[in-house]
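Beneath this line is the structure, given in structure tokens, with notes to follow.
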Amino acid sequence: MIAPELNVSQWFNTDEDITLAGLRGKVVVIEAFQMLCPGCVAHGLPLAQKVQRAFPKEAVVVLGLHTVFEHHEAMKPVSLAAFLHEYRITFPVGVDAVGAGAIPKTMESYQLRGTPSLLLIDKAGVLRANHFGDVSELRLGAEIATLLSEVWDDRETPDVSPVTVCTPDGCG
Amino acid sequence: MIAPELNVSQWFNTDEDITLAGLRGKVVVIEAFQMLCPGCVAHGLPLAQKVQRAFPKEAVVVLGLHTVFEHHEAMKPVSLAAFLHEYRITFPVGVDAVGAGAIPKTMESYQLRGTPSLLLIDKAGVLRANHFGDVSELRLGAEIATLLSEVWDDRETPDVSPVTVCTPDGCG
Amino acid sequence: MIAPELNVSQWFNTDEDITLAGLRGKVVVIEAFQMLCPGCVAHGLPLAQKVQRAFPKEAVVVLGLHTVFEHHEAMKPVSLAAFLHEYRITFPVGVDAVGAGAIPKTMESYQLRGTPSLLLIDKAGVLRANHFGDVSELRLGAEIATLLSEVWDDRETPDVSPVTVCTPDGCG
Amino acid sequence: MIAPELNVSQWFNTDEDITLAGLRGKVVVIEAFQMLCPGCVAHGLPLAQKVQRAFPKEAVVVLGLHTVFEHHEAMKPVSLAAFLHEYRITFPVGVDAVGAGAIPKTMESYQLRGTPSLLLIDKAGVLRANHFGDVSELRLGAEIATLLSEVWDDRETPDVSPVTVCTPDGCG
């Protein structure tokens, strides 16, 4: 499926609003996190920062998405701003828009299981991976490179299968 | 260049001798190490073990190469055998053949700078990367996947450029 | 010097207010932190949790002190409460009272250099160590045990020298 | 009990033979290891090196003991010498003397359960702790400091209880 558009109420670390539609032709890595989630701080966000450093930004765009689904009063944008400053997070981070219940809107549309979640979107805008929890760096590097190696032609029907790291001859 | 053939005096963890010529069509990852090299034990060999687990063995072959260039009396095959057992290394490991001087023969032919070194060989048998020291897992995963995505046709002239993880549209 | 009394506006993880005066006869370890300080989250607070587990609570009391001196709006008590819950911090934590300027009152009276800071107070209530930044676990364990080995007699003049881990015969 | 004397066939990193009897008045930390034991390389030996750095050598003596009980051919002194050089181990290391069976003599007399084992001997020469496997740095620091705080008088009956890190008022 085409990855649902982001529904963001406020952006940090960018002067202009970002849409997935505006990123066609690039591989997009979205780190969905909460600033008070220990696994996000220890693993998820450092991994996103490594992706930001490892790949050329013309090819791979890293975004953060602050998907607060608990302790809403504790993680308001004023706190997030200080958090991003202290942890030196420099990629754009969007605040997921408040939803009808506790779950924010983008988190709902992607059916995320919790935080951290890492989403991979290909050049055609198709959601190709949705990882919850720990992610192997080797596998993630391979998945990103696999998406980079795909030729993008916006007239084609996009590939809708999950990304796999394999040979043309078969794989696992 | 076509990766020089391995010059191995003894193999562990395999019943038959292994040649690079026999691995055409697969991506080959070679971890060159010494059993008493702290960086090999702490980083190089664990990384090779992660590669072994992360990719299907039909597509990616992991080999160890014991390139002893110092303390030769300390790292004889009887010691290597115990080391491989204790560290639970299960991929095939070849003992690099003794050379004219301190440097063993395969290490010499690849002009390795030391240990650990990680070599990447593509499906056509071309040496595409030669990393000395620490290697980023994300980058290595991307490099392996890039080699996996290449179509191998043994009649073609092989690609002789270093592996890069990029888009068809440009990269860094 | 006798360690200055804590000036705390609100306590978490305890039903009653805590005073240093009430802890005479015990060794007290105070972890001064800010919830959005990366070094506190990665090192300072985990170390305090290890102290809590390693020593009998009848002998060693671990306290947290939330000494906010920047980003005050970002680290209000409602955010701290969620932080303590998510990071499973179960020792008592006091919110350092707002001071005349950015520096809170207890932080000012101890002349702390920043966060994380770890304070060691002996059985007689004397401040015996004030560590800023990373602390060696071995040294800290030794310092705590040295304070534990001191005989406390509330009529005596307390020892006012910094804690040292040494022999009666001399040390370094 | 008075710690059994070391039975060592060869010493490294010292010009003269070392005996426990010659170390009365000092706290002695013995790291029993095998050079091909992964837990020794990853945890035991680095911890012994930290002890060496954390305490004054006049007060705390760190020794290594190479207790080979398996793969004897793989870990002969020529291999150990290269290992100590590569891992930059500078404290004295003794080779435990070959016993009647696979277990070397000192290992037998201390009834060690395996490697790594860490032995603590007090100023009077009494064995006060025998830790197998992982050791908490905080606890070890505390144990060493507790032994350091004991007054040694060679006429007294030595304390034969295990070292505990506690108050005179009670502990756990």
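In order of appearance the chains are A, B, C and D, and numbering begins at 1 in each one.
By our rule, a residue touches a chain if its C-beta (ideal position, glycine included) is under 8 Å from a C-beta of that chain, and two chains touch if they have at least 3 such contacts.
It should be emphasised that the depicted structure is a prediction, and the values quoted were computed from it without experimental measurement.
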Chains adjacent to subunit A and to subunit C under the stated definition are none
Where centres are the averaged C-alpha coordinates, which chain has the largest centre distance to subunit B?
C
Give, as an integer number of Å, the spacing between the C-alpha centres of subunit D and subunit B.
39
Between the Cα centroids of subunit A and subunit D the separation in whole angstrom comes to 51
Measuring from the mean C-alpha position of subunit A to the mean C-alpha position of subunit B, what distance in angstrom results?
33
By the touch definition above, subunit B meets two or more other chains at residues none
Which pairs of chains touch one another in this structure?
A-B, A-C, B-D, C-D
Considering the complex alone, what residue numbers of subunit A touch subunit C?
36-38, 41-42, 70-71, 73-75, 78-79, 81-83, 85-87
For the subunit D and subunit C complex, residues of the former touching the latter:
25, 27, 50-51, 54-56, 58-59, 123, 136-146, 148-149, 151-152, 165-172
